[in-house]
Structures are given as structure tokens and as C-alpha cells.
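The letters A, B, C, D, E and F name the chains in turn, as written, and every chain counts its residues from 1.
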Amino acid sequence: MSITPVDIPVIPALKRTAILNLLSRSQRIDGRSPSDTRNIEISLGVIPNANGSAHVKLGLTQVIAGIKAEIGSPFQDTPNMGNLIVNAEFVPLASPTFEPGPPDERAIELARIIDRSLRDVRAIDLEKLVIIPGRKVWNIFIDIYVIDHDGNLVDASSIATLAALLSAKIPRASVNQDKGEVILDPANRDEIPVRKRVLTVTVAKIEDHLVVDPSLEEETVADALLTIAFSEDGLITGIQKSGMGTFKREHLKKAMELAKNAYKSYISQISQFLVRS
Amino acid sequence: MSITPVDIPVIPALKRTAILNLLSRSQRIDGRSPSDTRNIEISLGVIPNANGSAHVKLGLTQVIAGIKAEIGSPFQDTPNMGNLIVNAEFVPLASPTFEPGPPDERAIELARIIDRSLRDVRAIDLEKLVIIPGRKVWNIFIDIYVIDHDGNLVDASSIATLAALLSAKIPRASVNQDKGEVILDPANRDEIPVRKRVLTVTVAKIEDHLVVDPSLEEETVADALLTIAFSEDGLITGIQKSGMGTFKREHLKKAMELAKNAYKSYISQISQFLVRS
Amino acid sequence: MSITPVDIPVIPALKRTAILNLLSRSQRIDGRSPSDTRNIEISLGVIPNANGSAHVKLGLTQVIAGIKAEIGSPFQDTPNMGNLIVNAEFVPLASPTFEPGPPDERAIELARIIDRSLRDVRAIDLEKLVIIPGRKVWNIFIDIYVIDHDGNLVDASSIATLAALLSAKIPRASVNQDKGEVILDPANRDEIPVRKRVLTVTVAKIEDHLVVDPSLEEETVADALLTIAFSEDGLITGIQKSGMGTFKREHLKKAMELAKNAYKSYISQISQFLVRS
Amino acid sequence: MSEEKVEAKRKLIEGGKRRDGRGPEDIRPLHFEVRVLKNANGSALVQYGNTKVLAAVYGPRDPGARSMALPHRAVLRCRYHMAPFSTHERKSPAPSRREIELSKVVREALEPAVITESFPRTAIDIFIEVLNADGGTRTAGITAASLALADAGIPMRDLVAGIAVGKVDGVLVLDINEEEDMYGEADMPMAFMPSLGLITLIQLNGTLSEEEFWSAIELGLKGAEKVYEAQKEALRKRYASVEQV
Amino acid sequence: MSEEKVEAKRKLIEGGKRRDGRGPEDIRPLHFEVRVLKNANGSALVQYGNTKVLAAVYGPRDPGARSMALPHRAVLRCRYHMAPFSTHERKSPAPSRREIELSKVVREALEPAVITESFPRTAIDIFIEVLNADGGTRTAGITAASLALADAGIPMRDLVAGIAVGKVDGVLVLDINEEEDMYGEADMPMAFMPSLGLITLIQLNGTLSEEEFWSAIELGLKGAEKVYEAQKEALRKRYASVEQV
Amino acid sequence: MSEEKVEAKRKLIEGGKRRDGRGPEDIRPLHFEVRVLKNANGSALVQYGNTKVLAAVYGPRDPGARSMALPHRAVLRCRYHMAPFSTHERKSPAPSRREIELSKVVREALEPAVITESFPRTAIDIFIEVLNADGGTRTAGITAASLALADAGIPMRDLVAGIAVGKVDGVLVLDINEEEDMYGEADMPMAFMPSLGLITLIQLNGTLSEEEFWSAIELGLKGAEKVYEAQKEALRKRYASVEQV
């Protein structure tokens, strides 16, 4: 059962009015213009036990993505492909609205948005993750851990995922032909075969105003959000509308323009993490 | 924990009195006599993705049974038998007293009554469902989906199960002797080996009155229900008393007579679905 | 989430005062001295379907331990060891504070205390439980069933576990060299390879008083409990502090002395069950 | 531990005797004991041969959640549960579908006996723990629960006596054990309020002709009378021992 | 039952026709029926070809738990659920992550249409059961739920019409079925309140250029109009039949 | 990822040095930082070498369910949880039995320090997330939680300082890491309120003689003093930085 949220922190009517007044002058409550994204800070390798990891701050939102590579079996119908498993946890230390327990619909939706943004465009070349065809493949787990929620968790997670993937190293696997066993060589570590750099951009609609990279305050008064995933070659690789409101076609047009620009802003801010060492 | 039901819709005292007054004259509130079953409508093949399916209306009660055949492994102690798995879902669209979530005790009881009515009398010849002894067998899943609850879900489910089983087709399975792999031939479809046609009949006891095929109103005022399963050769293949009341021996005698007649009434109403094409 | 208990039966202030007054004179409310353990009664073999079983009464606390031996696979990283699995159920018939449902934190803590007391000291020689190295081993399940809670469940469980283990018999397993199958010989039954007899002793701290083998009344007013596991060669094989209070070093010293004596008292009371037939 | 199955299909009745030496209409040794636990308001330990069941009753008590109460009567809350060590293969402690169904049919077998109208807005909790399973555990559970209810001082219309009739090698037998259940043709658990002549539980797993069914009912009634006597005896014993104090 | 996959990668469009004979902009036969259940306050059965979805609405009703109510509006509670037999491989009845996500996006696609302000402190329950899945089940579910809401007499700003656009063999097609979804390049489910010109759902799984995206939106709008007409017709039919009574 | 185990049983102490270069009584580099999160009322990030734990405190706040409140004090609600990527083999996100036990012992190690009587009928929520596990995660968690409580302004009798003592190759060592835990003879986690001389946590996994036990206690106390100094320093730093504003 998905239920209309009843525990949303109440935004005082005054605050709502303030946000809307500012927006009518193309200003935002934190001083940004509608097309401005927040500042991004990235720390790589924060989780020594992970194959790759990134701690991302997008404004005051904080997300950690950890990559684990484990040897497993392929699915019967894809014997020549490794597996990608994306999971997100909204742990209760990140927000008073998060509860302990199994992932709620928001965490599941986020994980599935990230998963879809990568999967169909084949952002990761799963065919290169086969060790013994039909028998042994790499399972790549992407675990997204939200630790402080100040809005736009999807983009923060998308940035953390990409940075963690690009910095990850997995031990080289070979096969002992006699015994058919997998041998791991921790001295030689390979990269994860990332074919395309994909990032999401989220735009919030507040009445007839559109803003990118919404803060929590903005999300709370927004009618709806639109997340668009772009790959580096300009294709759209995923879309998700969320929230209880609607979009007109003219909103979509404006949102698309804002998103394309914000994509460039994200990319330029994180460019030093997009080149591999 | 099984708990005395607390959410039963309250039957107004007047309605209860009306039901009892009528019964004292051998009449029922919907115009039937105590021995009358309701009208049965069956639609076969309503679920194209199932191997067999039947949508049954018993009065205003509606049930869908879907049969899926999947290849699986036999249990270790029955290497030469396929498996029969009966599951029932009381989805919340069927009644205000059904909740989303895992099957509650009523759904589990229903599935187990249907299962037992078929299993010990070997209504389905599970030995004929072996593909490779000890290794590959057919798993026959019977999924019972209650979509509108107007009383006597057990008989409606039993009718739907029998109709779905008799109309089901499974692809012919053979074994590639070289590779030991199972090959399915979708062009040649086999029937499910039904050895005996089994149906349940449910009788409700309302004070000292007994009525067959109770409606929801009758169930709500009934002391107890008695379900008896019969196979076509006249054997009793299962019994279940349910409800919070009791039976005297004379009630059982009368219930047995009513049930035997109702069995014939069910069979005659659905006879065109009992012959295989 | 572990939550400060809110459903503890309220001990009347008078009772608390009475317990403390008596303790100030080194007396306990049930007539024992601080160093007295309660009477122990043991019945062996109470569960015919188990490989070993013991019903233990420690005062009015009652616990049943049942041992089941089943053939399973070893863990990949311990191919030459059987497995020990300890589970505890606090079933609701034992106390008004126990709820139906999956084991709560108290039951899990108890099972893990018993498990740890046995595991690292290798009280059971798991290497002797291998049938086919890397493929077939004995899984030893210790199931602890608390049926009446009058305090000190850990020691009652520890005693029941040891008595059940020492009295257990498992069928002799051999391997059919042709087929590689395991053959069980129910006529020849082996003992479980217990290397060391381990028992826990629990001491309660009530303000500055320390008492062994606390009753439920004493536990309810206690600040904290300290459980110490000893093996027969005098080693400490496990410790657990529980409860919301603290210990000073001098409390620990006194608790250790009390525990060592109580260990001897337990052992002497159950000595006839420590020799194998 | 499936070695037990090796000897399957051996005859279950030879020379008029069942494999454990009983005649078809013999009940296994009954051992009933009341007030075996300190904390519960009522409790009983019940054995039919190697079938061993413990029952405890708490209540009438506050049902906790308001939504679980009824204004005109107590609600019964009943759990039939098997200890992991009670079965040949270790049973997972999570409730199985079978235990969920049996909790319901056991509750419905006890409901008519309890005078719930005496305690509106309360709950009476009935916990049944199968300690060792050798056939007839649900009926032993009903017998035990009914003793525990009486021990808790809860007013009842009658005790409920449980007994299973089976059909093995074509013969109707009383109080079937697990082997007879597994390799027999039918298992028909029943429960009665004997002095009122009322049936509170009847199930059939397996196949009977109608004639056999009626004979099985009569055989069950006969068995239930014996169980009933043993129940009353256990309560008398308990009552006497309290008197002596 | 994976034999269906044997023929994968066969061309999905040949000679301008899709494998089921449709042109790129053809919708499958629509069959909508309202008030198909007795108990629910509103219900509808919706078919797009072999995709078959049942929806029922209960409410506005007491939300049960106080903590689930809002002082100024009704809450919607929505479950998208697939029957175990609805898919090629039997689906476990436990809710999958996909069903949990879709319950949310479907609810959010219906929220803007329902005039929830009319029923403060109540809940409106929307149950969607996928009976047979052949692509487009979430959009068919939205269409069905919106009919069931109307049937329940709940005031709405507009009906919500759901439709999926896909890209297969490089061509944008309307109302994709499962085969096209599985082997195609993109699936873009959408929902509209057609007379208000509002989009209430849009998702994209797969890859589109921006140009294709805008064309897909237009194609979806065109399809939604047809769905909308069929919805109104189904309600008219129901209304007429009531009139006749 | 079990390649780490290949070198098992190699000596853990050689020439008086542990494999990471420490002497037996050396603590790993400590890095404590307070107020690292915006939303929580208090928070701290704590590192003992590669063991990295984040703690946050919410409250005192409304406990939500009435049944979770106490009339004379606040209740503590504590969760010790490991991130899936924190361990060598990915940890399933569902709480393990170990995490359930540790949530309890961690809560019981913090209870005596919090002056809960100041906030009757409220709840104080303590969330501990293990981000990277290299031994001593529960004791690091206690250290972090106690800093987060202080950061949230909750009155405390003392800070709680956690530290683990181990026995490896027959030698007692302070602050054991995961390798030493796995291949050593004993792990004894402890927590202290140092200025009050009170022990709030003590567990032993493994085997010690009584003499070793007393030495381990003293060694633990010594380590806890160092942790305590670092805690006070982290709070001073935070306090100073606030002052500067």
C-alpha cells in the first residue's frame, strides 16, 4: 500500500509564501537562481572494505555509495552477463521522516531510478563481467546510503554512484583450468567496465515555477518532481515523475532545458572524478 | 495467534430475526430453499498467461483459479512424483474485511482444504508428472484468487479449481538424451492427469437449521460451517468444520444428506465443463 | 531498535524496600543467602523425537533443551567442521512479558551467550562431526525452550544445554564408497563429542549487593546482571553484562568470587548427569 | 533423520494388533497433569503415548490494543505451535501454514465451551506448545487447553475432549500415532463436549466411505469419553491436592 | 515457461506492421466494464488486448489508525498487485520491489484527479489487481482505478487515462505489449487528465533522443484521447443501464 | 572476497609488534568529529583506524506510540546497524541476530549515562551506523553515540568511552582490529564512564584465565582514558568553533 504521506513536516504558511514570492522574481530562498545547482563535494575511497566508494555532499544533502563486487552465478537466461544490483537505504539518522526497517517506497523508488538510468543504456558492460560463461560472473552491488537529507536525494545518489563506479577496483579473476576454480589476484586490480557516464538531474515544479536541484524546503512545497537521466552522448536514459502534482507540456519543455544545463553544471563540478587514474 | 474475529460486519438484529423466521418455514432470505445451491457461471481460459484458468461466479461470489505448470525438482523423499502447490489470496478488493499482506488464516485454511480434498485421494496423478525421475518434475501451482466475497468461498474455489485443472494444457516435455536437458514442445500440449473429479460442498448451521451453499449474510449469522469433499466415485475425501459453534450428530446426518444432493446439483450445473475437449 | 523496557511488571515499592532491607543483613527474600543457588531438577530424554533432551527446573524456572542432529553441508571456509546452531524461544506461555512472534532481543541474546560460551573454547569438537570432508557434516541444533520464567534463564538454559548434549545420541554415519551416499546406522548410536563441560553462572547486582542465581523478583529490582561462563578446567569462556546499570571494579571482584563458588554448587548438584552412561 | 521411512508400507495391523501392540479401539496411555507452570493463570501437560503437549492460559486480561476487544464478550486468542525439536526433522520456529490453520481450528473448537460473555472487553490467551509430536497433536492440544482453561478458573459449559480416529490397512482405529497417520488411509481429528453431546471439531484428511465415516464418529465419541474421564480425574487430583494444603 | 524467449530478436516491425498486426499508432482492442464487483464501492475491469486489470475502490471510509488521517483531506491508499498467474513465470504473491514502486507512482498519478478535500479525515482505498500481464499494466491500472473511483461516486477533476508509448526497431509505437517492451528500445508509460491537458504520470525505461521524446509525448496524448473516449463510453453504458432499471 | 583468509595463522605478534606496527598497548589513530549532520539533533563520526562509525541522536521527542512511553523517564531507543558495504562480504541490509543483540548491549551501556529522568514521556533515539568495520565496532559505536548525545545537549552523568581488549598469540592487546579478532584467542569489549569509575559494558568472546581477565580490565581502563580525552577534545573543538561564530 502506498499511502498519501501524513508525516511531512509542516512548512509554515509564511515560509511557503516567502518561497513563492521570491520565485516570482526568479529568486530562491537559499539565494540561488532557478537554474543553479548546489555545491558538490566528493570524497573517494571513504570505505576501505568496499571495492569503490564515494561520499557526496550536494549542498547539505549527504550520500555514500559503496560498490562491492562478489562472485556469483549468472541468471539462467543471461549466462553471459554479470549482474548489477542497486539498493538504497534511507537510514533513520538521515531524517526524522525515515524509519528503521526494510526500505520504504521512497528508497525502493530511488534505487530503481538509479538502476534503470544505468541498465538499458548499458552504462556498465555486464558482458565483460563474466568469469566462466554460464557459471561464474561478477555481481556488482551498488549500495546507496543516505546519511543526511536536505533534498534531491536522487541526484546526490546518482553522482555518488558514478564517482564510486569510476573509482572502483576489483581483483583480477582467472580460472584454474585443472580444477575449474576461480583464482583472484589481489595485486592486479581491474576497473569496472563503465561504458557511459550517466547522471540524473531533478527539477521541481512549484506552482508554475521550475527549479533545478531542489532543497528539502523546496521539495516540501513542490507539486511534483521530474528526474531525467542523461548519458554523456546526449541521450535520455530514464525519466521519473514523482510527487502528487501534474505537469503541462510547457512545464516539460522548460524542465528539459533546465535539466540539460544542470547536467553540464554537475559534470563540470565533478569533472576531476570522471577521469580514471 | 488466531483471534476471535472482531471486524465482522454487524448484522442488524432485525435481519437476523428475519433470517431465522424464514428458516423456521424452510425459506431463505434470498428466496432459496435450504437445499438450493446458487447459480453457477464459469468462464474458462480467462488468463492467457496461465496453463489453465476458470472464473467462477457462484451467485455473487467470484473466484478465479489459475493453474501454472513449471519445471522443478522433486522432493528427496518422493523422487517419482510431481508436486502440487495450492495457494489462495483473499485480496482486499474482494471484501472490506480482507487486508493487504500475507495470506491470513482464512486464506490459508481455504487453500489447505482444497489441497487436502485433492491430495490423499490422488485426484491428480502426480506420478505422471515426472520428466526425469529424481531430477525434473512438473510443479503444478493452483492459485485461487477471490475477487468478490458473497459467501461460500470454499465451494466456489473448489469449482474453479476443478474447471481450471480439467481445461489446463501443459507443453509436452521430453528429454534430450545427449545433454540430459528438458525440451518443451509448445505445439503439443498435454492435459493434467486428473484421476478423479472432486468437489466440496459447504453446509451452514444456523441454530438448528441447515442450509447449503450459504450466502455471506447467512455465514455471518451461522454458528458453524461444515465442508465435505466428495469424489466422483462417492467417497468422502475431506471434511472441515469451521466457525465458532458446534454440531450434534443429528446435524451431521442432515448436513450429509444436504451435501450429497448439493454435490449432484453442482455437478449438473457444471457438467459441460467436466468433459474434456 | 532496542527499547528501554516499558512492560516490566511493577514491583511495589514496599517489596523493593523489603528486598533491600533483607540484603543489608545478607538475607534474600526467598530465604537464601547471597551465595546460594536454587534447587536443580533435571529430567533427561523428555523429548523422544530429539537426539538428546533435558528438562531443567532451577527453582521455579523451567527450561527444555532439545538437541537435533541433521546432516548438512559445511560452510565453504570450514570444510572440515560440523556446525553448531543455538536457538532460543521465549514462548508466550512462559511469562506475561513474552510475545508470540520471532525471537526478541532477550531470546537472541540468551542464545548467543550460550553459543559463545561453547564455541571459542571448542566445547564441542566440531571436527569430529565431519562425515565427508567438504561435503557432508553433522549440524547440531541446540533449541532452548523457556517454559516458565522465574529468573536466571541463562543459567537454567546452560545447565539444560550441557545435560542434553551429554545425553544425546546420534546414529553412526558411514559412507557408501560406491555411491558416495551417507548411510545411517540407527542401531549404533554415538555420543556428541563434548570436549569440555561449560556452565554459566549469573550474578545480580542490586545497589551494592551481589547475589547469585537471581529469582525473577530479584532481577526486576536489579541494576545489572553479570554472566560468566566457566569450563571445567577453570578458564573463563565468556562474559556478558546485561541490564541498565553499572559495575565498579570491586563489584566485579565480588561477583567473580560468588560465581566461582556457584559454579561448584551447580556442578555438584548436577554431577550425576555429567557422567556418560 | 529419514531412516524411519525405510520400513514404510510394512503392514500396520497384523493379527488384530497395531504395531505398538494396541487393538484398533485402544487409546495410548494417557497422562494428564494440571497446574504445571507458575506464571500462567492455568496450565496443563497432556500426553497421549509419545505425543506431549503443554498448554497455558493467561487471562481474562486487558487485550492491549483496543481494536482487539469486543463489547459483549471476551475474545479468545489461540496459538498452536510446535517446538523445533518436537518433530523428526527439526521444525523451523517460524509459524508454518499448518500451524496457522490449526491455531484457527483449535480456537474454534474451544470457543463454544468458554463462557466468554462473563468477561466483556477482555482477552483470554491460549498457548499450546507441542513438545513431542507422535500423531494427534491438535486433539491433544485441545484437551490440554481445555484443562488449562479450567485450571485458570474460567467458566466453561463443558470440558472439550480431543481424539483422532484413523483408518489403517482398511480398519478404523482410535488415537492414531504418527506412523499410522503417515502410512494410513485417513486421519479424522475430532473434539467433543461429551456431557452436552456436541462436536466442536471435525476434520478429515484422507478418504472414507460414508459408512466408515459414521462408524468413525461413533468410535471417536467412545474415545472422547475416556479422554474426558482422564481430564476430570486430573482436575480432581489437582483439586484434592489443593484441598490438602 | 521460457520457451517464449526462443524466438527473441526476430524483427518486431515488418512492412510497417507490428507482430500482432497493428500499425505503429494503433491501440489494442479496448474493453472497459464498470461495476463488476458487488462489495466494493466502485470497480472496473479493463482490458488492453491481453492485458487485463481489475480495480476496486473502497471509501471514503474510516482510515482505521488515527495516524493515517489528514485533517484537511482524504488520504489515498493504493496497491498495485499482480496475481501469481498473471505473468509468464508464476509470480510469488509477496509484493516485489517493482510492485512497491508502482503502487507509489500509480497513487501519485491519481492524486491530482481526486477531489480529496471533500472528505477530510477519511481514506480512499484503491486496489489494482493485474490478472493477466501483457505490457502496459501500470497504465491499464490507472485507467481502471480512475473508472472505479468514478463508479464509487468520488468527485474527480477529470478521469485519468493511461497509455504506454514504446520504441521498437527504431520506431515509436503506441500501447506496447510485453514482447515489444522486452525486446524494444524504450517503454514510456504516461497518464493524462485529457480535458485539462495535464500529465500525471511519466516514466521512461530505456533510451530516447530528445526529439523522439517529444514525439513520444504527442503520440501518448493521442492514445490517451482514445482511452478517454472508451472510459466515458463505459461510464455512459453503466449509467444508461442503471437508468433502465 | 575471502582472499584475506589465505594468510591465516601467520603470527599476529612478532618482535613485540602487531601486524599493523602497533605495540600491544597502542590504540589505533583516533579521529572524532562532532556535529557532522544537519538534520539530527546531535551527531558524531568516530574512527579507530579503519573502523568508522557514524552516530546520530534525535530527541527527546514524542515517542509516537503511547505504549512506548514511561511516566518517570525518557526511553532510549537504540539501533546498531551495519551498512551493506561495511564488511568484507556484503552484509544483507536486514538486521542480523548479532545486530539485534548489539543494539541491546549498546543501549544498556548508554542507559546509565543519560539523565533520562529529565524528560519523562519522551523518547531519545540513538542511531549507530557502522560505515567500515575493522574490529571494535560496538565500542566505537558507544563512543560515537555518547558524543552525539552530548552534541544534542542531552544531560549526561559522564561520557561513555568504549574500547576492546584482545588476546592474540597469548598477549593481551588494546584496541584489537578485525584480523586480530578473527585469529586471536579472545575479544573483550568494554565501556566505561571514566570519571565515575563505572563499567557500563563488558562482554567476553573467547577464553581467558582469571588472571588475564583482571589484567584485561586494567588495560581496558587505560585505553578508555585515552578515548575519553579524545572525546573531550572533539567536544571542545566543536564548542570552540561555535564560540567563534
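Note that in this section contacts are C-beta pairs under 8 Å (C-beta built on N, C-alpha and C of every residue); 3 or more make two chains touch, one makes a residue touch a chain.
Because the structure is predicted, anything quoted here is derived from the model rather than measured.
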item: Chains contacting each of subunit D and subunit F, listed by label; value: C
item: Steps needed, at fewest, to go from subunit B to subunit E via touching chains; value: 1
item: Labels of chains that are neighbours to subunit B and to subunit D; value: none
item: Listed pair (C-F, C-D or B-D) duplicating the B-E contact set, over half by residue number; value: C-D
item: Between subunit D and subunit A, distance of the C-alpha-averaged centres to the nearest whole Å; value: 57
item: For subunit E paired with subunit F, centre-to-centre distance based on mean C-alpha positions, whole Å; value: 51
item: Gap in Å, rounded to a whole number, between the CA centres of subunit B and subunit A; value: 48
item: Interface hub residues of subunit B, defined as touching at least two other chains; value: 1, 100
item: Residues of subunit D touching at least two other chains; value: 67, 79
item: Contact graph of the chains (line, ring, star, complete, other); value: ring
item: Round-the-ring chain order [start: subunit B; next: subunit E]; value: B, E, A, F, C, D
item: Residues of subunit E touching subunit A in the complex; value: 2, 5, 67-70, 73, 75-79, 97-98, 100-101, 103-108, 111-112, 116, 185-186, 188, 193, 196-210, 213, 217
item: Residues of subunit C touching subunit D in the complex; value: 46-50, 53, 60, 62, 64, 66-70, 87, 89, 91-96, 100, 102-103, 141, 143, 145, 147-150, 171, 184, 186
item: Contacting residues of subunit A [partner subunit E, same complex]; value: 1-4, 6, 76-77, 105-106, 108-109, 111-112, 116, 120-121, 224, 226, 231, 234-249, 252, 256
item: Touching residues (chain side subunit F, partner subunit A) in the complex; value: 1, 3, 37-40, 43, 50, 52, 54-56, 58, 61, 79, 81, 83-90, 93-94, 125, 127, 129, 131-134
